[in-house]
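Each of the next two complexes has chain A plus one other chain: chain B in the first, chain C in the second.
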Partner chain A sequence: MIRYVVRRLGYGLIVLFLVTVFVFVAMTFIPSDAVDLMLADTGASEEQAAELRAELGIDRPVHEQLFSFLGGALQGDFGRSFYTDEPVMQLFLDRIPVTLQLGGLALAVGTALGVALGILAAVRRGTRSDSAIRGVAVAGLSVPNYVVGLLLLTVLGLWFAWSPPFVYVGPTEDFASWAQQMALPAIALGTSAVAGTTRMTRSSLLENLGSQFIRTVRAKGASERLVLYKHALRNSVISVLTLLGVNLGTILGGTVILEQMFSLPGTGQLIYQSVLDRDYPVVIACTIFYAGLFVITMIIIDVLYALIDPRIRAAREAGT
Partner chain B sequence: MHGSPLLEVSNLRVRFPTRHGRVEAVSDMSFTVAEGETVAIVGESGSGKSVTALSVMGLLNSGSIESGSIRFRGEDLTAAEPRRMRQIRGEEIAMVFQNPMAALDPLYTVGNQVAEAIRIHRDVSAAEARARAVELLREVGLPDPERRARSYPHELSGGQQQRVVIAIALSCNPALLIADEPTTALDVTVEAQILRLMRTLQADHGTALLFITHDMGVVAEMADRVVVMYAGKVVEQGTVEQVLREPQNPYTLALLRSIPSPDISRDTLMPAIRGSVPSLLDTPSGCRFHPRCPRVLDRCVREEPPLAALPGQRDSRCWLHLQPDGGLLPAESTDSTESTESTGSADRSARHGAGSIQSGATGVS
Partner chain C sequence: MSSDVSTGARHDGQASPEPPDRPAAAPPARRRSLAEWRAGFTRFLRTEPLGAVSLVLIALVVLVAVFAPLVAPHDPLLQNRTRITEGPSAQFLLGTDDLGRDVLSRLIYGARSSMLIAVLTTAISLVLGTVFGVVSGYLGRTRDLLIQRVMDTIQSVPPLVLLLFMAVVLTPSIHGTIIALVIVITPSFNRVARAETLRIKEEPYIEAARATGAGALRIMTRHVLPNMMAPLLTMASLLFAGVIIAESALSFLGIGTPPPTPSWGLMLSEGVRYVEMAPWMVIAPGVVLSLAVFAFNLLGDALRDFLDPRLHR
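And then the complex of A and B:
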């Protein structure tokens, strides 16, 4: 199992490398750069602009920039912001707690609620509550998270004259204020996770409940509780876990717009602002950090698969 | 020889909803199983034999029992509360399924799954249940049961998995064991071992056995009495000697004739009943077997024959029995199969059934 994890980490590094190359190449296609923006209204000459580009290192061919970045990254130096000259790592670390709070809340509550609703729908298959849950789930999957966010803001603002606090405070300083600020973006981000998890839990449970091994359990005289929670649900966890990984990606992506919309000082907002400013070191490093977060979560999910399913464990020990 | 009926199924009628309307999978089915007795239900696929078994267990998924009763020690199971049915399942009536490779939960050790069956009905500690589970695994002939108890289903062969399923079924010493084609998915050599095991355990525990199969060879080996089903109805029942040696119903006779035997020349067609089992959505008028029956009468097309009581405590559903001449079929009858006559008697071909020869239908008879 340890060998498996090490191998997965190796693959993860390859993924991160490919992501880095992709971002560098993509960067060259963006019209205008940080220097254009910095000097836009100053009337600075072409020479001054060229000088600044040389100073920032963005006059060099893209592969040279890539190699010097990779050289630095291997030593833990991911570059500095063009504007503030702060190390990108520091900027990221300052802001990641907010994003982790938001994303974690959306993912955890979304998955828990989705599993609960999925169980309810599966147990009451064919009834009105099943139809209602399925209907809401389809709607939840169809509406993009920023639309949910806008709707929440609009409805609460216009009809109830309430909007979340504007200045971020940590949960340890003022929990009530933090909760008010987190609630709406977390709901917006978590909606599709709830909907997807509900559907996946329901269909997976129904498939397992109709399987032959469940019939064996019933033939033992087991209560429906034992059938559902010990056997059917555990067999459904694999597919729910898979979806958890997909949801993590969607939620991390969603933070970019929603943190901006709800003025949360997280990495999503940082990425958003850096793209507008063409602050390449920040964009590149944050993209890689997000990718790294995703890779690590996927490995954790893969380890969880093996803890749940002995067949997966056996296949890995056999080295296949 | 045997005591009062342990299980008494009377006029059972089971329907399933389908996209094309409701179908009747079992119609007017009656049979009994006495304490310690082995009764085989025989029929082709779709004849309703598995549905009958699941009805007794109360494990019909979408189907429902329309009428009739299933009395177990006098108690009507069709009217039993779900709670009462859970007490009976596993404790008094247990079941072994057709496909052992899919019958166990892949995520738990087999020891856990046997122990679970014990703990559902017995108030014992986890450790006691576990020790008892190991004993059961030993009893069903699993080698090195202590180690095997910690194995997961995928680590066992199909035959070993079926032994585990049998251990689960026997864990609470049920009075009735229902086995639904327990060896169909297994190799022939493993089949023989499993059948022997079931016979031994049945003898040791005095368990009654309701054995569902399509294999006449298995019937000959296992059963005291036989119930032959066709398209949801009982067509013949009697002792195994009566039914296999002197089948009275044209369907039973055709079924026995269609067992391949080594005596059949390779140049002749494999004996088979012509036509196919009717769809339950469109059952034939009159006798359900009439479109395939070699001895069909005008009356068979119009009217359904009753299950006629024949001498010697046996029944058969055929108009022939109600003909003026008494209508008992001779043991060797006219051509009820598509191919040339097989030379073996019904009983003999039945015993050859388990090790059947697949001869190609190369020649024309």
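And then the complex of A and C:
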């Protein structure tokens, strides 16, 4: 098992290296570079521009830039912002708690609610509540998360004259205010997770309930409750875990828009603002950090697979 | 002779309601005729009523997009400075926006850019992803390793973050948006095509084709490819929905379709500031965007149920 985790981590590092290469290669396609944009209004001379380029290190060929970035990265230095000169690592670490709170909340609520609804739909298969849940799930999958956020804001603002607080406070300082600010974006982000998880849980449960081993369990005289929660549901966890990975990607991306919309100072806001400012070092490092976050979670999910399903564990320990 | 065997298998899931894993040789080999297509289509409408509903919705959106100049009551760019943020009325069915432009006409023209981008993106990614997937799965070894590492790399960045990154690299324009979306979507098609190829490769009719002396290229195009159309079609429909969302999100963030071209995401972002004064500026594009996505999700679901032989009861 440990060997498997180590191998998986090693592969994760390779992927992150490839992401870094991809990012730097892609940067060479940039039409007008940041320096022109930075100096556009200052009326600086061509010489000053060249000086600034040299200082920022963007006058060198890509592979040199890549190697110096990787060299710095190994020592925990991921570059500095063009504008504020702060280390990107620091900028990211300052903001990641907000994003993790928002994303975690959305993922947790979405998955819990989705599994519950999925069980309900599967148990009541073919009834009116089943079709209602399925209908709502497809609909929930179809409304983009930022539209959910917008519509929530519209409805609550218009009919209840309520809008969330505008200044972010941490949950330890003022929990009520924090909860009010997090609720809407978390609901918006969680909607598609609920919908996807409901569908996955339902179909996977139905598949399991129709399988041979469930027939055996039933034949042994187990109660329907035991059949459902102990045997069928356990086998559906794998599919729900798989979906968790997909949802994570959507939610991490979704935080970019929702943090903007609800003025939450998270990493989504950081990367978006840097994209608008063409603050390349921040965009580069944030893209890689996001990939890192994603890769690490996928590794955790993979390890969980192996812990839950002995068949997967056996296959992996055999080294396939 | 060899192609006879493979097209036989293709008929299984789609044209006959009978058990899926029938020996590949059973149905006579020929190109499917128009009548058969029509019969299949009618059966789809009958067995999947929700699929029929989705087709009507999709046809509506596509027709409106194609015939936008004929359908739109006003010029989508015309600013009536004296009639700004007016509520829905007989003249402006869905009201006007902050510059006095007709919301309905902008929605209709917005369908154009949305559909254009979604169709092109899905088609290009479908072709690229399938080629990579089939080559990767059929030839294996170094080529498989190389292609899959590239795909893994792309998929290890959350989609919207990757799109944001691409927005820095490419200039904001319709073709820039399409390139970025193609990069994000292609790995999903690749994954399906590769998995299907690995499955099909083991089928007896592939061995038969190889025994008759067919080359790799011929087997891939004539035998492997036709047999994975069902899952690819389903995937295409679902990803089409995803592309509509992603495109609108990019325009919403101001890094997609550049103004003043009307697009749904852009309309939503313009509406945010007027939520309380002119809620129709948010509600109308929000509802239309969601309905369009809903239609393609529904179609994808219906296609999956219809084309997946395992689900036939």
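Note that in this section the second predicted complex is superposed on the first by the 318 of 320 C-alpha atoms of A that agree within 3 Å, B and C clash if a C-alpha of one lies under 4 Å from a C-alpha of the other, contacts with A are read in each partner's own complex, and residues count from 1 in each chain.
Quick note on the criterion: contacts are C-beta pairs under 8 Å (C-beta built on N, C-alpha and C of every residue); 3 or more make two chains touch, one makes a residue touch a chain.
Predicted model only: the values in this text are computed from it and were never measured.
**Q** Clash or fit: what happens to chain B and chain C when chain A is overlaid?
**A** Because the two structures are overlaid on the shared chain, the partners are seen to fit without clashing.
**Q** If you stack the two complexes on chain A, which partner ends up touching A:231: first (chain B), second (chain C), both, or neither?
**A** Touch partner of A:231: chain B, not chain C.
**Q** Where does A:311 make contact in the superposed view: on chain B (first), on chain C (second), on both, or on neither?
**A** First partner only.
**Q** Is chain A touched at more residues by chain B or by chain C?
**A** Counting contacted residues of chain A, the larger count belongs to C.
**Q** With the two complexes superposed on chain A, say which partner A:216 touches: chain B (first), chain C (second), both, or neither.
**A** Touch partner of A:216: chain B, not chain C.
**Q** Does the superposition put A:158 against chain B (first), chain C (second), both, or neither?
**A** A:158: touches chain C, not chain B.
**Q** Where does A:117 make contact in the superposed view: on chain B (first), on chain C (second), on both, or on neither?
**A** neither
**Q** With both complexes overlaid on chain A, does A:272 touch chain B (first), chain C (second), both or neither?
**A** A:272 sits against chain C, while chain B stays out of touch.
**Q** Once both structures are overlaid, what angle do chain B and chain C make about chain A, taking C-alpha centres and a multiple of 10 degrees?
**A** Once the structures are overlaid on A, chain A sees chain B and chain C at 70 degrees.
**Q** Note down the smallest distance between any C-alpha of chain B and any C-alpha of chain C in the overlay, whole angstrom.
**A** 8
**Q** Following superposition on chain A, which residues of chain A contact chain B and also contact chain C?
**A** Touching chain B in the first complex and chain C in the second, no residue of chain A appears in both lists.
**Q** What residues of chain A sit close enough to touch chain B in their complex?
**A** 210-223, 226, 230-231, 234-235, 308-311, 314
**Q** For chain B, which residues are in contact with chain A within the complex?
**A** 57, 59, 61, 86-91, 94-95, 97, 99, 102-108, 113, 116-117, 120-121, 152, 154-155, 165, 168-169, 171
**Q** Mind listing the chain A positions that touch chain C in their complex?
**A** 14-16, 18-19, 22-23, 26-27, 29-31, 138-139, 141-144, 146-147, 150-151, 153-154, 157-158, 248-250, 252-254, 256-257, 260-261, 271-272, 275-276, 278, 280, 283, 286-287, 290-291, 294-295, 298
**Q** Under the stated contact criterion, what part of chain C meets chain A in this complex?
**A** Residues of chain C touching chain A: 149-150, 152-154, 156-171, 241, 245, 248-249, 252-255, 268, 271-272, 275-276, 279, 282-283, 286, 289-291, 293-294, 297-298, 301.
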